[in-house]
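Structures incoming, each one as structure tokens.
Next come two complexes built around subunit A: one with subunit B, the other with subunit C.
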Partner chain A sequence: MKRLQLQRWSSTALSPRVRTNNRLHQQLYSTGLRLQSTVSPLQSESTISENVEDASFQNPDAMRHIRPQDTIAISLSPVEAATQSAKLAALHARLYLPSRLPLQTLARTLVDASADSNVDFNNESLATLGHDLLANYTSEHLICTYPRLPLSVTFAAMYAYVGPKTLAAISKEWGIDNATVPGGEVDPGFLQFRRVAPGTAVEDISQLQSARPYADQKKWRMTVSSKIFYDDEFGDAIKGSVALGQGVTDETARATFVRAVLGAIYLHAGRPAAKRFFEQHILSRHLNISELFNFSQPARDLARLCARENFEAPVAKIVSETGRKSRSPVFVVGIFSGQDKLGEGSGSSLMEARERAALSALKGWYLYTPINPRVPSSMEEEGAAPWKPAHIDLGEVIV
Partner chain B sequence: MFPGSFPVGVSKPCKWVNLKNTSVTTMPVKAIKTISSARNGVGAFILQCKRLDFHYCNFGGSSRGMLSFLTKDLAAFAREHPQIEIRVSPRPAKHPVIKGHYINGHEKAICVRNLEPSEIMKKTNILKEANGEKLKRTKKPVTSLNESVRGIWSPYHGDLRGV
Partner chain C sequence: MAASITMPKRPFLTLPFLLPSLTESLSIGAVRHQSSYRRTKQRLRVKPDASFGPSQQGRDQIIYNPPSSAPSVYHTPSKFLPANDVRRVMRPAAAATATTDVNELPSVYKTQPERKYHLTPEDVEEIRKLRLNDPMTWSRYSLAKKFECSPLFIAKVCGASPEKKAIQKQVLEAVQSRWGPKRRMAREDRKLRREAWGRDE
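Moving on, here comes the complex of A and B:
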């Protein structure tokens, strides 16, 4: 497979100073102002006005890396600090990050957009990339490993693997500490973000940005399948980014950091390294998917399922029982479809045992796993075996 | 038999939901939101000791071994363990101390007064290998998040014994 030119593709995500080995860029940006890679220097007014007059900076988007005067006061630590920070080097080694990922980029992943609004120097672009990678890798793993999983459970499993709460927990397990307040004197090994002002309602932090018609009507019924189209990967309404000047919560900042680390690994060390990092840190976590189900009427669902799949109608039979007349009876009930036992459960009443049996039958169906499931992204590896189509299921029963 | 009611048990019929009456489409299965739990070492292994502080005194005799350790052995130790942040700072007129800071927020301190450099290295390794939690006795040989493969013994399965 042809080697991919990651540096060329990633140039939009990295800051102008990090773009390397490109003559066009060297000429465009060789103003001699900033030889640092990830942080803006302090600029006097005269240099800013010179740049503004420069014909090549007519585009306002190209001007974003020039800081307005008021933000210079909180300019974050210079790039030399990243190479000299023991904390940052220890973090790099603790996560076994590839040596191609420089400390400067790792320092950048620790700067939240609320601490430095300049998109060339905060972790926003890296986090966007990391977020997409996480969502892609997790969803393909879940869909290929459990092809019959109901959609609502898939959303919950996605949330359990790469939801903001999990990512925040991961960053804590990596030993990341918060800086009290972002600033130039802070060690670059700390996570820097501006906190939400106390007393702010969590709903007010970011505005709802859903494309769903009538998104404000909270009480209206929403189908699960419409969530694929309108909502994010967890089935929740899409929120816009935090307004400028407003802080973020600890959980959001930490989740953004973890996503940014994955994005940085992808950009600097390539796809295999990013995938390996994902498998080692995200997929290796423990999640019992059978505990995510919450059935309301399992017996009814099972009857529907058997009808759809042309199985014989399910019949519940007592397998064994004890103490029917006592104060603590136990019934073991099996659910049979013809000669086949679909599930079994025990309970202290016949109804309870039957519900449990139906539950185990449904879970047995929904948690089916093909032998040696493969994900589409495994085809990107060198020397991958020919692709066999993954199992696509009809989906959950509709009642 | 389907749709309609069908029996629980062999003789006793029981009421199942009449499917004809359930005209309202409801979500058949809802999901419970939770988060996955970490298993350190299953995928990646994160060393739990994140920082070691070495305190010494330039004057006191109890720091003699510590001073020798700091000048001769510490650089090699730090090179072997890049994932640990190491701080060395004087603490005049006090015994030498090594403090370990852990990812769970706890810290452990060992006083190394009058110890030889080799003994100090042993103490440093103790702090490096600790996970920061209080020492506790493990009674079970295996601790696992996974369910037992064999399952829990049930008196209602298998051969029934006559009384």
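Moving on, here comes the complex of A and C:
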């Protein structure tokens, strides 16, 4: 008769801490517990208040980040958990992170505020720093490379480079997996966050925190220039952080993680390393800015531009054509100002070709790039050449 | 004749090689002959570019024959370069030789509208009064005809009254209610295509 193994049966019913020691699982679980553990052992109100009284503080809420003594006594050192995780070491090597960035910090970047509300152990502060760095580096790159770009296109390009969707895609390319539920037994190489309850409206997750007067009037027209003053770097209304009990979406958690990684690199390895990381992972992504434009009346805008810059009025001329009387004609129309050609476009009707030509001329104006554009942060490098002011002109055509 | 005895399944006219003498006299429009095929192919045989010719074989060179394509929007026209940009000085030599005279090129429009600038402030006042008081008689086009200006100018000077706009909306709805699905879809597609121009798609 075969002998039954009762210990193995108990594993399904009991949590690893309660379970009696098993030869097989002992090694695994003893190192898996961390100080950042979100599943702190159940404690009564009395234990919390005792600890708070010990620290002689009146407000327990203000001292949320202080862990009760018994938690620390039970949890094992987080150092071992982070250093023993193969996933984390692999991620560190895969991203070619500087060796001065320890694995413990990398483990911290993977803990979202919704998984661990303690600001000393989650990635919120790192993400705030990383977010500001990303916005700064991207905006200075866009403004110095394309000094005439319209503001709405700049916002769109910012969103395409460092928007939450892009950052979430980057984290997927890095090979980050989500932990199903955050907890102390989870491998620190997983991204830990508490998910939004299914069926929650996305608008309800975070409150609007805009300084704009009448911000709740969604239908009112908002000028593009007012977005610089009131809104965030993408031209969207500023939203507050997620409430404590509520979870976050997968996209938000992943974006926060990528920002936190940049913040951690900045803190541990300094500015040059952060800049290099930004260039290698964000700026290296291909973005065709000429596809972000959408004009309603390009011919009118071009006429306004030529009048403003004291050029001759633009004239549309047929450069070449084929099959005028056929079913599928092709016209090539050029837009000229004096003897200079400003743009060229082709289309199956004269009006279409003219519109496209005016559009290409406008894009030619907007996508001007100075020779060897430099960004202000390049002055931080060793032995940088003296700063020459970036090109600034009237830029956008306002009709 | 051998062909009439064997009775081929296809008619004679589509098989012209069976009737070598008759095809000359018959005028068959859409039929492709062996002879015409050869002629078409001969015409399509374009001579290679001169840079590929035997005279260039002896020495080392770079052959650059780019296919014809739309110019890149990232190439800023010389006129749009700022005054202190180096590219402004570097370019004109190449540009002067390449361009033909712009005035010789045909215009997109058949006729250029003649601009008169003849209307006085009193005329503008009268236009506004007429359009406001009797919008049914004095439409944009009738006013433009009376004052010898463009309908666009009338629209710039004064807008239609709300009553007139409501009537016009009703008329439009009445017309559109008679459209069938085909016409409606064609109209919608046209609008979508027009919007795609602005995105350069």
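In this section, the second predicted complex is superposed on the first by the 323 of 399 C-alpha atoms of A that agree within 3 Å, B and C clash if a C-alpha of one lies under 4 Å from a C-alpha of the other, contacts with A are read in each partner's own complex, and residues count from 1 in each chain.
Here, a residue touches a chain if its C-beta (ideal position, glycine included) is under 8 Å from a C-beta of that chain, and two chains touch if they have at least 3 such contacts.
Note that the coordinates shown come from a computational prediction; the quantities given were computed from them, not determined experimentally.
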{"item": "Subunit B versus subunit C as contact partner of A:379, first or second or both or neither", "value": "neither"}
{"item": "Touching partner for A:317 - first (subunit B), second (subunit C), both, neither", "value": "both"}
{"item": "First, second, both or neither for A:211, with subunit B first and subunit C second", "value": "neither"}
{"item": "Which superposed partner A:394 touches (first subunit B, second subunit C, both, neither)", "value": "neither"}
{"item": "Subunit B versus subunit C as contact partner of A:243, first or second or both or neither", "value": "neither"}
{"item": "Partner chain(s) touched by A:299 [first = subunit B, second = subunit C, both, neither]", "value": "first"}
{"item": "First (subunit B), second (subunit C), both or neither touched by A:283", "value": "first"}
{"item": "Contact breadth on subunit A, by residue count: subunit C or subunit B", "value": "B"}
{"item": "Which superposed partner A:339 touches (first subunit B, second subunit C, both, neither)", "value": "second"}
{"item": "First (subunit B), second (subunit C), both or neither touched by A:228", "value": "neither"}
{"item": "Set of subunit A residues, in rising order, touched by both subunit B and subunit C", "value": "291, 293-296, 315-319, 333, 346, 350, 354"}
{"item": "Subunit A contact footprint on subunit B (complex, rising order)", "value": "1-3, 6-10, 14, 16-17, 19, 22, 25-40, 42-44, 46-47, 50-51, 82-87, 103, 145-147, 154-157, 160"}
{"item": "In the complex, subunit A residues that touch subunit C", "value": "290-291, 293-296, 298, 311, 315-319, 333-334, 336-347, 350, 352-356, 359-361, 363-365, 367-371, 391, 393"}
{"item": "Subunit A-facing residues of subunit C, complex", "value": "70-71, 73-82, 85-87, 95, 99, 101-102, 105-109, 197-200"}
{"item": "Touch list for subunit A against partner subunit B, complex", "value": "86-87, 89-90, 92-96, 150, 152-153, 155-157, 159-161, 163, 165-166, 169-170, 172-175, 189, 224, 277, 279-281, 283-288, 291-297, 299-301, 303-304, 306-307, 312-322, 330, 332-333, 346, 350-351, 354, 362, 366, 396-399"}
